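Structures given as structure tokens follow.
Two complexes, one shared chain (subunit A), two partners (subunit B, subunit C).
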Partner chain A sequence: MLSSLDISTSALVAQRTRLNAISGNIANISSLTDEEGNPSAYRARQVVFQTDDSLSTSGASGVKVSEIKTDDSEPLYRYQPNHPLAIEEGKWKGYVAYPNIDLTTEMVDALETTRAYEANVGVMEISKNLGRETLSILA
Partner chain B sequence: MKPIHSFQPPQRPVNPFTHGHGIKPGGASAPGSEAGSFAKLMGDQVKNVNTMQTSADSMVHSLLTGGDVNEAEVLTSVQKADLAFRMLLQVRNKLLEAYREVQQIQI
Partner chain C sequence: MLGIFQSSTIPALEQSLSFAQKRHELLAGNLANMDTPGYRSRDLDVGEFQNALAESVHNSRVANAAGRVGPITRDDLFAGPRAATEQVVFHDGNDVSMENQIMNISKNQHLHSLAITTMRSQFALLRAAITERA
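On to the complex of A and B.
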């Protein structure tokens, strides 16, 4: 019974990581430079989950974050020749590279993460009540 | 789960004061090996529950002082410690109940 609590906790931790990545994506939706200030549009991060067998011995598996992938699709180019970060030469001369993040997709992902989190909290509630009910056999 | 027939019900005509079930009228545990193993079991369980509660306490402390811990893990460890403690409490209640029951036997 305690291992089912552990499994649900691993899911809560994983979903929280995913929500962190989504909030990072939304927060950086107009970040045009990287950490050092060089012109490079922010790239969306996607959290990848993986089953984790280390948590339980009874066949059920937990979940863990296997990696956080960086989206390598093309940035969105907007024509803003007067922008200080406008590209100066080449095919995209006069364009500014914006992060290729779709706000709608990110919000739907955030909603889905929230629902998954709630579902796991619900399972934990059930496990907890089961534990209490089982104790009432003895009491 | 183990099949039910593997549980050995206690033999009825047993004198609890000579066969050493861990509880004597004075409350001290019997020196017999069976009683010793039961007392050891209980002691180990108390230690386990204590460890769980201490670790839950330190995690709560770390959460409240802004440490880098996940609140889900903290709350789960608190909940696990709570369940383990309730289990121990019920076992202790059951033991005391049995002890009082035996104590009330009129000789």
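On to the complex of A and C.
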């Protein structure tokens, strides 16, 4: 009974991590430089989920974040020759590299994450009710 | 003294409760893995459990009639999880349908409540009989 709480918690943690990644992606939608200030468009991060069988012995499994992938698609190039970060040579001369983040995709992902989080909170509530009912036999 | 519990439905209810709790764990796991690529939902077969339980109860009655107490045993009324029926598989290989899972969880919760409530009234009856008070 208590391990179903653990399982739901693992999902809450995983979904929270995913929401953090999505927030980061949206927050950095126009970040043109990296942490050190070098010109490099921000790359979207994607959280990958994996089943975690270590939480329960009865065959039920929780979920964990197995890795955080960095999107390696091409950045979006916009022609802004007067921009201080404009590319100075090569094919994209005069262009500025912008992060290739699709706001719609991120928002839909954020919604899905929120709903999944809520669903798991609901299951936790039910788990607690079951436990409480079981204890009520004693009373 | 075995008879006091064996002659009631308490052992059967106990099995039902234990089944409901195990199943709840699996269903919680399914919902937790709603977004895990490649995950296949797991479940325990309710029909199979009910049949096995009914058979077990019946056998126990027969044994009682013959003057011998046949306790209802665990006898693996629910032998481990299995992949639930094949359903719509999403593009990531996952087959968890949130609506179905929620419905199963809430049905299971009601089964659990039913067993608990019945069990409590059984105990109340026993207590009434012991204390000679209704």
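By definition in this document, the second predicted complex is superposed on the first by the 139 of 139 C-alpha atoms of A that agree within 3 Å, B and C clash if a C-alpha of one lies under 4 Å from a C-alpha of the other, contacts with A are read in each partner's own complex, and residues count from 1 in each chain.
The criterion applied here is as follows: contacts are C-beta pairs under 8 Å (C-beta built on N, C-alpha and C of every residue); 3 or more make two chains touch, one makes a residue touch a chain.
The structure displayed is predicted, hence computed values, not measured ones.
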*Looking at the overlay, does A:Glu125 come into contact with subunit B only (first), subunit C only (second), both, or neither?*
neither
*asked:* Output check: A:Asp34 vs subunit B and subunit C. Expected answer is one of first, second, both, neither. What do you get?
replied: neither
_Output check: A:Ser4 vs subunit B and subunit C. Expected answer is one of first, second, both, neither. What do you get?_
second
_Going by the contact rule set out at the top, does A:Ser56 touch subunit B (first), subunit C (second), both, or neither?_
second
_If we overlay the two complexes on their shared chain A, which of subunit B and subunit C does A:Glu67 touch? Say first, second, both or neither._
neither
*asked:* Touch test for A:Glu112: subunit B only (first), subunit C only (second), both, or neither?
replied: second
*Counting touched residues of subunit A, say whether subunit B or subunit C comes out ahead.*
C
*Look at A:Glu133 in the shared chain and tell me whether it touches subunit B only, subunit C only, both, or neither; answer first, second, both or neither.*
second
_First (subunit B), second (subunit C), both or neither touched by A:Arg16_ = first
*Across the two complexes, find the residues of subunit A that touch subunit B and also touch subunit C.*
1, 8
_Quick check on the complex: what are the subunit A residues that touch subunit C?_
1, 3-4, 7-8, 10-11, 14-15, 18, 48-51, 56, 58-63, 112-113, 115-116, 119-120, 122-123, 126-127, 129-130, 133-134, 136-137
*Give every residue of subunit B touching subunit A within the complex, in rising order.*
70, 72-73, 76, 79-80, 83-84, 86-87, 90-91, 93-94
*Over in the complex, which subunit A residues touch subunit B? Could you list them?*
1-2, 5-6, 8-9, 12-13, 16, 124, 128, 131-132, 135, 138-139
*Give every residue of subunit C touching subunit A within the complex, in rising order.*
17, 20-22, 24-29, 31-37, 39, 42, 80-81, 98, 102, 105-106, 109, 112-113, 116, 119-120, 123
